[in-house]
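Reviewing the structure listed below.
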Amino acid sequence: MGDLLQFLVTGITIGSIYAIVALGLVTIYSVTKVINLAQGEFVMLGGMLMFTFLNFNIPYWFAILFTLVLIIIVGWMMELTLIRPAKGANPISLIILTLGASLFIRGIASMIWGKDSVRVEPFTANDPINIAGAAITPQSIWVILLMVLIVFGLYILIDKTIIGKGFQASSANPNAARLMGISPKKMSSFSFVLSAGLGALAGMAIAPIMFPAYDTGLMLGVKGLSVAILGGLGSAPGAVLGGLILGLIESLGAGYVSSGFKDAIAFGFVLLILFIRPSGLLGEKSVGKGGL
Amino acid sequence: MKKWLIILVILSIGVFLTACGKEEASGDEPVYKIGAIYSSTGHNSPLGEPQSNATQMLVDEINDNGGINGTPLEIVLADDESSQEKATQEMNRLINDENVLAVLGTSGTGESMAMKGIATQNEVPMVAAAASAQLVEPVEDSHWVFKTPQSDVLAVEKVYTYLQSEGITKVATLTDSNAFGETGLEQLEEVQGNYDIEIVAKEVYNTEDTDMSSQLTKIDSSEAEALIVWGTNPGPANIAVNMQVLGMDIPYIGSHGIANQTFIDLAGDAAEGIVIPTGRLLFPDEIPEDDANYEALDSFYTNYTEQFDGEPGNFGSYGHDNLMLVVEALENGATDRESIRDYLENEINDWVGTTGTFNMSPEDHNGLDIDSLVMAEVKEGEWVLLED
Amino acid sequence: MVNQAEVQLSINNLSVSYGPIRALKGVSIEVRKGEIVALLGANGAGKTTLLQTISGLLKPISGNVYFKHLEITRKEPEKIVREKIIHVPEHRQIFGTLTVLDNLYLGAYHHYRKSGKKKLEEQIIQVFELFPILQERQKQLAGTLSGGQQQMLAIARGVMANPQVLLLDEPTLGLAPIIGKEVLELVTELNKTLGTTVLLVEQNVIASLKAADRGYVISNGEVVKEGSSKDLLLDDEIKEAYLGQAIS
Amino acid sequence: MRGVKKTNWWGVASFIVIMLFFPLIINGSYYVTQGTFAGIYTIAAIGLGLLMGYAGLISLGQAAFYGVGAYTTAILTTSFGFSPWLGLIFSILVSALLALIMGYTMAKLSGYYLAMATLALGMIVNVIFVEWKSVTQGAQGLYGIPNPELFGFQITQGVPYYYLVWGIATLVIIVSMNIVHSRVGRALRSIHDSETAASSMGVETGKYKMQIFIFSAILAGIAGWLFAHMNYSISPSSFTFDTSILFLAMVVLGGATSIWGAVFGTILITAISVTVHELGQSFSFITTDFEHVLYGFILMMVVIFLPRGLFPSFVSFLKNFISSNKKSNSKRIVS
């Protein structure tokens, strides 16, 4: 029983990380129809920049702020210089484009920071908390909390503000949205800024847990993509659901089946779901077109 | 923009062709030409970089002192970028284009295995710096291949000897699913019987994994009295931290894969008390002066730290021994591929390197024994020698 | 009626092509303030293309579009909206996953911040007076409305944008005749009460000419006939070409 | 405007001549080895190019088939003593079988969902290579893989293997060009242009897609076979996501709309890698990391400025260059 609880706690923590990465992907996808394979690089940059700022003895919360701002600028620049000129390219080209961006960012990161993993101090004192035999660190609670906050924040932003409604409109029917005066370019920029911000937050929150290095973005990006697809592209609830499911499958798979095969189990599950539901758990087809 | 790209393409093809046509200047002066492939870049770069540095440094030293019996030593240093494909390419270049007498390297097991095939086919002696015992076993397939790092089995035996002395009989393993962790696990399973030790829980993790709580939880509910972790950074650091969080207090025994300061920097206070088998170059200051390897260690360490930023570590010591073994052969008149091989196989007896004391034989192309390793422990954020 | 009024929209010699296919070949049209102008023509004649070019969704290869004295040719649609030229596209294109109310707020997107929430709420109440059915359904997802209600919503959404010129593309398409008639009556009412200028594309020739002041007939991307609604209704060619089928 | 309209024998012939004389002109084992790898990659890239350019499908898991081809023959030759040529047949069969099974699983998928499925396949296959230790020897990999023999002559690494690889590559190019210009090829192009249009024209899109998917898997399998027998040993690290990306980059760079695009892209990537290597000897900041930055940069630029790949632009550039007085008509075609 204690074991099961521990697996669940671990799974939910990992799942929350995946969910945040996937939410970033979904945000961009719903407006631009671009799958941003460089989303994981935002997360990596989050951890590495945080490490750098802390090394310069910048106060912790300022470091968080600077990191966030810098990565948002990176995301914004990416939209401006890459996605905008390639507007209207087919999905294959767009995948390659963001793949190129991901290679580029990762290469630069390895030139700046080298190959070694780094350590980032946790947000708050990190003495583990014991709940009915399962241990959880405050940082893991921060990660889960952050995921919940992000979901709530996105809900407010997207459902309760006019910009968010414009965002939804632009996602559902870009041309009709333009006729309301909603600029798709602005929405596209907005989506990249938003998702770079999400990536940065995820990166900073998990840095104390996972020892970031120049290449951590790759696997997170791949897992985030799996989660976004599993949940159904364009569906934010799907991303959260998918993230938690995948995290739990990994943790339970490692715990009860085989730790070596846990990734195969996770990806096999994604394949299985796609076989049964070709557009994911909460995919576009079941909730109408492109709703966030 | 289009034009510009086309120009770029043409340029790169141009450079490619000029590079191809480049003639190697060949002087009449006799030199001993040795090739070395180490992974200066790519994921094995923490291993390859000190190896590469050490090699270059030692060659310069030898040539400054008049070479080998008056003949200068030329080293062709190559980087396999931690990829098997690149290692294959460089191996072919060194053997066929550069006509080297012997090849040193490389840092990783997979890359070294690819090179082994080429060395055997071309009948060129090769001294690897990768750990896996496969490189020199079985002996009939490894006629041309030697290696200096301690085979995993030695590290495993060292660990088991230590556990025996601590009175521990039931252990759990948590190993990386990469080649390093896998060989470790194989050896751990293989020799457990010899030491009356039983592996009661066997878990693995993936190199990119960030949370090993699930595996540790399983281990925690087994009856293991100690945990053996076989991997390289950052995984073992994650495990240390996860263990602390889970409140597990069984001893943590690592591998020589984490014999570096980076591990302690990552794991922080969770690293305290962790024990590993390691070569002596992790803490040259602590090696007693009466140790057989003291002299070799001391001069190498001093010179290395003077010339480079950072410490040579165990990997630097493999780089040192690889080169010096071949130099030893050259000094004693073995100056062609065949005779270098024969010399390495038959004449290396009680040869003192920085890794340990080598005794090569037709049955053993590694030539180290368990004494080449010591146990180390993390104390107050530093690796210290654990006295027997 | 308002023949001498100021010209609001003037389209001069406009040509548009889709790849190698010319959709519009030098079309010139004028719309004056307060008018309802009907665009007539067979399917594929270029009526929708013309509206999309005016609202900026399509870019012409030659010719220009003036709003009053301001050239708006090749401007982006989101800029043109700010001149209060509002295009209600064909097939309604409401945002089905959003509520009726959200759709209306989105209609006011371009002046949302300028007007403020309070003013918008008042405006929505006004719109509800014109379209009472929408008030009943305001919390409902727009996708769940009936075709006629969706069309009302599309027009209402256009009205929320404070249009000076309303470009209406086939507002009665796919609606039952009675409901279609209702929609057109609404358009006339809008024109009267708010003074909105309307450029109307409509397949129902009689109904649209009845609602309109003037009309243009477009065929194969060219204006082949223009005149007051009365004249056009009496035109033999038009009777022959369109009215026969429109009545049935 | 989709690359060569009919089999361009002039192109094939000049290609054969260049490849035949390369090791004779370029004296250097290093370049011959590079050339051999380029040949192996070319075969896999052609398969992927057909899949992307003609069926409009993307695969992020081509390394799975490449790896399955390599492992099948490696296991059969080392553990069961099969001859490498028998291994080739099995490499082809097993890759094709895997593609068939995956093809059925993925039949209903399209776009990004399909890309995800292929990615998942690549990941799963790699995990199997690592974890199925009793057969694959795990992460350390298999070793002792023999060289193939032909007429009693052992084809060893170097010039002999170079000719074996490019001989097979030439065959693959000719077969692929025939496929492209056959009825199947036309059907595939219509799928790419519009699937609904194609199916309304009576083209069985599913069947043709499956055929091309299997064919591309077979090519990757053959490439894997060549890779395994070239090397003494293989390990899972040669068949990761990175390898899939490498193949993808080769195709995108060269252009997926013609067979030559894949060939061109592969040679180009090899040339870049050699160039970086050469420059790295003189400039210390030019390292593998720099190479990745460069790949990333080139990929982005190509997608933005030359979405059809470099090969078509290269061809029209050559045409303009040769007959500069003739008006270029293939310059501005945007799909």
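As written, the chain order gives the labels A, B, C and D, with residue 1 at the start of each chain.
The criterion applied here is as follows: a residue touches a chain if its C-beta (ideal position, glycine included) is under 8 Å from a C-beta of that chain, and two chains touch if they have at least 3 such contacts.
On a predicted model such as this, the values are computed, not experimentally measured, just so you know.
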item: Other chains in touch with both subunit A and subunit D; value: B
item: Labels of chains that are neighbours to subunit B and to subunit D; value: A
item: Centrality ranking, top chain (CA atoms only); value: A
item: Rounded Å distance between subunit C and subunit D, as computed from the means of their C-alpha atoms; value: 53
item: Between subunit B and subunit C, centroid-to-centroid distance (C-alpha), Å; value: 76
item: Centroid distance [mean C-alpha coordinates] between subunit B and subunit A, Å; value: 37
item: Between subunit A and subunit C, centroid-to-centroid distance (C-alpha), Å; value: 42
item: Subunit D, residues touching no fewer than two other chains; value: 130-131, 287, 289, 298
item: Numbers and ranges of subunit A residues touching at least 2 other chains; value: 218, 260, 263
item: Pairs of chains satisfying the touch condition; value: A-B, A-C, A-D, B-D
item: For the subunit D and subunit B complex, residues of the former touching the latter; value: 26, 28-34, 37, 130-131, 133, 138-141, 143-145, 156-158, 230-235, 237-238, 268, 271-272, 274-275, 278-280, 287-289, 298, 301-302, 305-306, 310, 313-314, 317
item: Interfacial residue positions of subunit A with respect to subunit D in the complex; value: 35, 82, 85-86, 89, 91-97, 99-108, 110-111, 218, 222, 225-226, 229, 233, 258, 260-261, 263-264, 267-268, 270-271, 274-275, 278-280
item: In the complex, subunit A residues that touch subunit B; value: 2-3, 6-7, 9-11, 13-14, 115-119, 128, 130, 135-137, 206, 209-211, 213, 216, 218-219, 250-252, 254-255, 259-260, 262-263
item: Residue ranges of subunit C in contact with subunit A within the complex; value: 55-57, 76-78, 81-82, 86-89, 93-98, 102, 105-107, 109-110, 112-113, 143, 157, 161
item: Residue ranges of subunit A in contact with subunit C within the complex; value: 162, 165-166, 168-169, 172-173, 175-184, 287-289, 291
